[in-house]
Structure formats: structure tokens, C-alpha cells
């Protein structure tokens, strides 16, 4: 009986974690892994393959942070979360960082006890319609049915848009984005509303992708980025600057392939970023090679983008807004000095 | 004296062994109170810690509390509602729409699953080998597959088999069936239409009296009256007569294809169809099993005895088998209906806007007050289940009295 | 009068018209006009559906390959299932450590087998503790930390093995809880009784989807700041409470099936309340409740699929995740759902067969 | 009333049941082999034999609770064919009492009795009740009319079952081991009712092991074994001078007890 109860005690202890109040950085270092909240499955952003390996733009944020903090991009513990539980999971301390295509809004930033640490993808709500309908603009959609994923900010955005334009619509909501695609494909609704990033993924999934077009209208701003808990500025800074380092890396032409070389032979800006000059890492409470590790192991923003959602992926999303500021986009990293 | 008082308790609770009965903690009465006090202390501590933790967590996370949100505007659209709804309407209205939609699909589910269950339950006893096998396959297939898969399956099946809006299947220009659902004409009242409604009421009352008259007549003369057919005749005939006397005081609002969708008429959305089909088939399998068990619980000798006094097969069923089987079936029906109501929550997988999808789903995501909204939803499910339980218990009493 | 010797008439074969395939057809398929019509309708229905179905399922299905590109034929793309099979059954559990999951499944099978073959006196002493220890032993093995094995976080557990183990671990722990609640409901202590009734009715009246949702969103609020409870553990707690309520009702009807004489006999040999309950009543309640326990288990086992709404990587969640992978965006939902349905059907059907056979064994009453 | 019965006894040369070459199989098992039996009106027949010999099956064929495959069966001039109307007509002529009574547990005793008269014979309720009470008095339990079967003893239940059959005023009564599920003292009360019935001239076929009843009441005793009729004779000859070794053996076995 004694043995039994000790087994029970041991068993129960496994699930319980009491995090020290010291700070996320110490917790992560002590644990040796980064706990990262991701989506249960979102093509190009966070997806698992047959071997159980996670990949995607959202996932790469976590990998970069793990590389910067722990020196190893694979030391990430992925926690798939639904839209409903994502903030609770972060607030309760179950995850260290939430990187789950979450739109940066005023309300979320100010009232939930959270901080958004940057933007990794400038998104917006868009429409996809069947080519057959011959619709050229969203303003022609009066009286149509809309396929929407339930419980997203899209649900509100579309209601606002239609009210503003004095049009009617009928919302057909689905639980997952895959189901919205099925609904759209079968003709249950006339158009599909979603973040543009998803529209491309959903379009690829159609039996005949060329039969659908994405309309030019973008009816809302949806900047997506990683989120951390409030009142932990050390950790907030780390995540913020890891995101920036990846963007700066692209700007400075530092890639996973040439980082090693540039660390020795690069210009001062590159050297500062890669830690061979200056003390940027130290100021964050990390080792000097924090950004070097992140870029060599995960790649700069461009590499990550093209690999996951861009030209090297099945989604083939063009950079658009998400290009560097000097190339027609709005991606702009604060100065790395 | 003392022992006499507590003898009931001793019998069912504790029986002290003769040794050690003196110590007060061995006294069953005190022991019971000790257990209960410990339980009470535990519960107080438990709830106190939960409530204080929750409050401090909510404060830290900036979660509001209270029911203020009920009056604010929802801001999103609901696919289907039995009452008029605008995106600017309040969450209270969303809540009511959710309840109504839950009740709607539950009622459809209860009726259809009962029909399916009885048909397949009785089919098990068919002399036709194929029918019997189909009954077995039906029960064993559908009750052993998680209902959520069945909902997804039927939804896919419904969506893939129905034609697009432009190629709707139609009967005349009144009934249309397409991927957006079933469109039927809506009946619009005119001033004189009350005549028809009165005729319907009269017909129902008339049937009630006809039944009594027919029973009395049989008691007196032994002659049987074709009650079902004559009732049907009255139920259809009287309103029809009134309809023509009043000069057809109705007109129809026909569904019409305008732009993307049909406008007007009544629209039965495919989500409702898929959910109702899945619920009916899934629950029907359990009811069929209950019906089978109920009929099997009636010994074969009952049938033989009834045959030997010359009763016809149909009368044997209605006078001998069914009344006896019902006492086994009724309690099972009660729990199946209750789980049907609870299972409607999986509508969230296909987006039928019942309570859980629309209120504990969409609305909760926008408002974020999980505790209030979850408990409001749960209260509704409890209320619905209690209602079912009440009705079935009344029914069960009637069955039980005549069985003994 | 001389006694005649009785010579039985030789048995004759039954007339051909009453045996043999034709008679069988006549009796079972075409015995009345109604049956003839019904049979023809059913057969024509089958002929309409079956060939296309078989063609899609088997003949023009794609069986070999590892990527979506291998699915060239019109039929089902079983390559999808094959490629994802490890995820479907084990989730992301590390490939090298799968033996631990298999060990747990094996232990579960062994304990169940033991509880059927052991003599009754050993069953109480061996099988019950083995059952109760099993979930925790499995926990230690799957987690690995405390046994010096590689640590596998619960986030990596998943797939169908998770459905099985979670359901089993829940029902095992729900046993004592359910039994306590049932005792509470029967007891004469008014407070204990009402607490039990409230617990039972609350968890029986709540949709399981709502319970899971509460486990994922509301439970974290109940713990003090800084304390986090693993999601799987929260789910486990919810499942245990949910099942306990159903088990309590199962036990309650079990109690009612036990003849009063048993209580009196236990009293007469001077056993105390708890002794009486555990040594005399409990084993008998378990025995008569066995079919209902299995039915409850089947119900909860099926309900584990609902865990997908809170992103627990059980089997259907794996399928849904796979459907969103950018390399598999071809819409293989049908194949995935069909496969999950088949897996569940096979398990639940065999369990319900087991339940029926136990019921038959238990049913010693004579029916006439 | 009595004169009526006397008349029917005198009218004993009228054949009421004629069974010719009756053969029955359960699947491939040959249960009834060339049964030939003619019963005259008012005749009282006891059938005995070891279990599985086909006694019950034989009498159950008479009111078509069992089908047969070959041979012919005529009841009161109506030949049994595979036709619903025909079967109903025959069942109206034949009452049956079962080993396990088979009363309808959800109906009161009175309702059990009036069920047939009301729904089959389409009699007014009051008339049906009067008939029921008449027969309940005959089986000596009119005071139990409003109870449910479960509240009665086995013997009372069996008497109700007999009364239920009599309410349909059948020409023939079949008894399928009516006493074998009863305690000894209850056997007597049931047998008494049966003897009374026999005295009134009812045509009776009775499967029973009550040899005393057979000796005192039966006009003819039939011994069956292996699905065939081995011997039939008057009770005296049957018991005192069995013709075959099989019957001798059977008698020696049951009389030992």
C-alpha cells in the first residue's frame, strides 16, 4: 500500500509546475526549453509534419528565441492552443511566449496583462470568391453568404465592413479554417473571409485553385506578432529584439549561410548584430552570439518567410507589405546599436 | 432509548462491533457527524481557495466580471435565428437565439430519433433476414462511432450531394433544395385566417370527444370504431372546409432567387439538416437498442398466450407487447433524450448556431467572461434536461401504474 | 398379450421445400408480399451504392507512396493515412521511445486479462491494486523523468494511444470516486448525501464539451498565481470527475441488484461498515455492474474525441492538424474521418461484444 | 346447462380434430413423425411421454403456435392452411393453457379475462365482464378479479389462465403441462378445475404427467416417444397392459416415484 501511494504521489507531481516568480528568462534557462504556444495547425505559420516536427513563420519566432537564449533552436516545447485558450495559457504561465497568428489590438495589449513584442506579419482581412461569380470587388457582395472561422476577429471585421457599406450578408461560421475551405468549395457560401495570409493557404487547398480569386480589398489591419506577459521587461526585450534581429538580418544581408563568415569579416553593423563587436547581447542578459545563433539556426526574416509561406513553400505568398521598408514594404527594424 | 432512535441509521450506516463500541468515535451517530464535518471543512476550504484564486487571477489578467456585457451590442452575425436579429443587437438576444436553436434541433432530434429507434428496434424482429441484418448493422455501426465524426460526415455528405443555388432542385416555383438548404414557402396570414385556426382547434377537440365516444360505444356494444382514420379525416377535413369557406385567407411568400441567395420563404439551413440527421441517427441507434431490449424483455409466452385467445398480430403488439416493453424502454429513453440535448453542443464543429456555438463560442470569444457565460449556458442545459426528465417521469408513472 | 418391441420410425430428411437454400430464401427474404418488396428495394439500394463505394475505397484507391503526389488515382488517398500513421497512433512521442507507450498499452491489456482469469480471492488482492497503480506507473513511464529515462513532455503524447490510455486511466480512478459518491448518495447522512447528489447531477447534466472547455479555460483560473497544472492533467481530472458521476449511477443500480441477505450476512459475522462495504458488497457490485461499466467506458472512450476542441492532440486532432499541413492541402478529410471512424468502431464494437457476453454469463435467471 | 353437456357427450361420434400423417422438422431435425390422431367431440385425451418426445409440439400444432411441413390437420371441419383468416378461425375454436400460465402481468385478472371477448369477439364491456365473472366463479376465485397476476399464487394464476381460455367459449381445450410448474398442494386445485371441466363434456387434450388424472378422467391415453405416437389406449389397458416394451419401461420409471 505504501508503494502504491508513493507511486501516486510521484505520478501527481509530474503534472504540477510551480514557476518561481523570478522571471521568464531564468525559468527558461533553468528548464532548458522554451515553452511556446502555437496554433493547432495553420498552413505556413505553425504546422506539424508526419514526423512531429513543427515549422512555420510563427514557429520560427520561437525557434529564434530558443536559439538566442539557449543556443539551440530545437529546444522548444510546442503547446498547440485553440483561439479560446491562448491568452489564458500565457497569463497562467503555462507558456513563455505566444506565437499564434495573434492580431495586435489595443484592447488585447492594454487590458489582458499582455505585451505584444513586435510584428512578424502584416496581415489584413480579405475575400476569396469563386471566379464563376464574376465579382471584381467586395462591394458587389450584397446579400451573399460568407464562410468565416468562428471566434476570430474576422467575425467582427466583416460585420463592420458590411454595415459600413450598407450591405447584407449571411455568416456561415466554421470551427476550423480547413472547414471554411470545404464550405467555400462546396458552394455553401459565396465568398470566404479570412486573414489574407490564410486565404492563400486555403486557395492552395482547393481542388482547382485557379477557380478562385482573392479580391483586392483588405478591410482591416491585422498585424500578427508574438505576445509575452506584462511586467517582465527582460523577457519582453529579448523577444522584441530577437524579432528585430531577424528583420535586421535581412536588411544587413546576413543569412544563415554567410553569418559565420560575416561575423569575422562583415561591416561594423553586421558585426554588431552577430556579436563580434559591441555588447548588445549582454544588455539583453544573453550571450554575445544571441543573434548569430538565431540567424544561423533559423535564418533571417527573408529566409524564414520564403521557406514557410513564400516562394519556396506551396503557398507562394508574395512579400507585399512584408517586404523591407526600402523595398516597398513596411518592415523596419529599429536601429541595432 | 438511544439505540432505538438510531436503529435505522445503524442498519444502513455502521454496525459497531461489540468490542470498542463504548468509545464515542465508534458511535455511528457521532461518526456520521464527524465525517460530515470533515467534508464540510474540506468543501469550505476548497471553494474559498478557488474563489480567492479566481478573483485575484481575474484582476491580474484584466478580466471583467458581472453581467454588463448582456446589454452591449454583439457586433457579429448569426447564421440562423428564429427571431429577427441584427448585428447591432445585444448579447442577450444572442443568448436567446442560441437557446431557441438548441431547443429546435433537440425537438427535431427527439422526434426523429424516436421514430428511427422504434422502426429499427422493431425491424430487429422482422422475419426478413435482410431487414433484421440491416437493423443490427445500423445499431452496431452508428452507436460505436463518435458522434462528432458522424456530424462531420453528414455535413460533408449533405454539402457534397446538394446542387448549387443556380441548379436548385425544385418543385414548382415553391420548394427549392440546394446547398444553402431547403427553401419552402412561408404562410402569410390574412384578416380572415383566424377561421382556419379555429377550425384546427375545433378538430382537435372533436377528436378528443370522438375518442371518448368510440370507447364508450365499444364498451356498450363491443363494436370497434376506425379511430385513426376518422381522426385523420377530421384533422384534415375541418380546416380544409374552413379554408374554402373563408375563401383561402392565406397567401404564400415564395422563395425567389435574388442575387446570390434565395430571398423570402423559410430556409432550413444544411447545418441544421446535418446536425438533425446525425443526432437522429446516433441517438436512434441507442433507442433501437433500448426498444429491442424492451421487446425482448417480454417473454415469448405472452405472445403465445395472446395468439391462443385469437388476438390479431397488430393487437398483440399494441395491447400486450408494447405496454410491457415500455416500462423497460421509458427510463432508457429519458437518458437518451438527455444525452441528445447535451450532444447538440457538437454543432460547434459545423457551425450550427446553437447555444454552445453562438454564446459559449462566438460571444465568449468577443467578451472573454468565461465564468459567467459558461454557467449561463450550463444552467440552460440543466433546465432542458430537467424538463425532459420531468416529462419522461410523468410518462413513466403512467406506464408503471398499468404494469405493477 | 405379448409385448411388442418398439421400433422407432426412421428419421426422414426434411422436405426440400423447407430446407436448403431455396427454402431459406423463401422463408427469410420472400415470405410475404411486403417482404418481397422490402427485399427487392434493399438489394437494389445495395447494388446502387456498393460498387462505387468499393471502387473508391479499394480498387482505384492509392495505397503506396509517402507524399501527396503519390495520390494520382481517383479513389481514396490512403497514402495520407500511411504517411501520418505514427502521428495518428502515437502523436509526437519520440520514435526511439515508443516502447514506453507500447509497454503501457501492454500493461493495460495484462491487467485486464488478469482481472478476468484470477480466482476471486486473488482478484481483490492483486487485480484491484494493479488497476489502481496502473495509471500512475504509466505516467511515470511515459514521463520518464523519475525513472532515469528521457523526459518526454506531455505535449508530445498524442494519437490514438492517448485516447486509449486517457480513457482507461480515467475510468480506473473514477472507480473509487464513483463508488464513494454512490455510497454518499445511499447514505443517511444528509449533508454527505446532498453533496454527492449535487456532484453526480452536475457532472451528468453538463455537456462533456463544456466540461473540457472549462478544463482548458476556467481551471487555470482556479489555481494560485504561478502554479500551472499540465493541460493533460487538467483534462484527466475533468474526465475522472465526469466518469465518476456516471460510475456512481452504475454502482447505484448495482447496489440495488444485491439482495438484502448479503448485507445481513455481512452484519451477522460482525464486519464493520467499511469492511462490509469493501469485502462483501464492493466485489458483488462490480460483478453485476460489469456490462454497465463497459458501456460507460465505451461512452467516455468515444468522448475523448471531443478533446480536439481544446487542442489535445488526440487522434482526430492529429488528422485535423495534418489537413492543414501545407504539403497535404489536398483535402483528405474524408479518408481521415473514415479511418478514425473505423478505428473507433473496431474498438467499441469489440468491447460491446465483450459486454454482451458478460451479460449473458451473468444472466442466470430463467426466461420463459 | 347439464343437458347440453350430456348431449355433447352422446354426440361423441363426431370427429372434431383429425390429424393425418403430420410431420414436422426443426431445421433438419425430425420432431414429429407421421402423427395420426382423430379426436371426437367431448373426448378427453391425455398425452404423456418422456421429455422431447413431441407431446407439446403436437398440441401446439393444433392451434398453430407451431407450423408443420407435411400432413394435414382439420379442426372442427376447418382445414389448417397457411392463411391468416384460417388460422384465426381455428384459434377461436381452441383454448390453450400453458405450463407457465402466461397471464398478462400489466392487466388485472378481470382485464386478462375480458381481453379476448372485447377485442376478438367484439362484445360490449359489461357483457364481457359478466362472462369473465362467471368463469372466475367457476374456478372459484371471483374475489381476486381486481388484483394483478403477480399478486396471486401459482395455482390461482393457472386457474385464471383456464378461465381466460374459457371466456372465449372454445370447443376444444389444450393443456400443455398445466401443473408441472406448481407446488403439490396447488396441483390439486388446478386438477380439480380440470376434472370439473371434463365432467361438463369439454373436448380436452392434455399433456401431463399426472397419471392419477389420466386414470380417472381420460377417455384415451396416448404415449409418445421420438416424435411418434407409440401407443394409444383406454386408461385401463394403457396402464395395466402396455403393448410395447417402450411404454412398459416408461411406466415403470414414472410409477417408481
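Observations
The letters A, B, C and D name the chains in turn, as written, and every chain counts its residues from 1.
Criterion: a contact is a pair of C-beta atoms (placed from the backbone, for glycine too) under 8 Å apart; a residue touches a chain by one contact, two chains touch by 3 or more.
Nothing here was measured: the structure is a model prediction, and the numbers come from that model.
Looking at chain B and chain C, the chains that touch each of them are A, D.
Interface comparison, C-D against A-B: more C-beta pairs in contact at A-B.
When every chain is reduced to the mean of its CA atoms, the largest separation from chain B belongs to D.
The centroid of the Cα atoms in chain A and the matching centroid in chain D are 86 Å apart. A straight line joining the Cα centres of chain C and chain D is 51 Å long.
Taking the mean of the C-alpha atoms as each chain's centre, chain A and chain B sit 43 Å apart. Chain A and chain C have centres, each the mean of its CA atoms, that are 38 Å apart. Each of the following residues of chain D touches two or more other chains: 100. The multi-chain contact residues of chain C, meaning those touching 2 or more other chains, are 213, 217, 220-221, 223, 225, 309, 333, 368. Looking at chain B, residues 57, 60, 156, 299, 301, 348 sit in touch with two or more other chains. Interchain contacts (touch definition given at top) occur between A-B, A-C, B-C, B-D, C-D.
Taken in their complex, chain D has these residues touching chain B: 63-65, 88, 91-92, 94-96, 98, 100, 102-107, 115-116, 118-128, 148, 150, 161, 164-165, 167-168. Interface residues of chain D, counted against chain C in their complex, comprise 23, 25, 27-30, 33-34, 69-70, 100, 225-228, 230, 241-248.
Across the complex, chain B is touched by residues 83-84, 87-88, 91-92, 111-113, 133, 141-145, 150-152, 155-156, 158-160, 163, 169-175, 179, 182-183, 186-188, 190 of chain A. Of all residues in chain A, only 1, 4, 7-8, 10-12, 14-21, 33, 40-44, 47-52, 77-82, 84-85, 88-89, 91-94, 175-178, 181-182, 185, 201, 204-205, 207, 313-315 touch chain C in the complex they form.
Every residue of chain C that touches chain B in the complex is listed here, in rising order: 27-29, 31-32, 35, 38-39, 42-43, 186-192, 195, 205-210, 213-214, 217-218, 220-225, 267, 270-273, 276, 298, 302-303, 305-306, 308-309, 316, 333-334, 337, 340-341, 344-345, 348-349, 352, 367-368.
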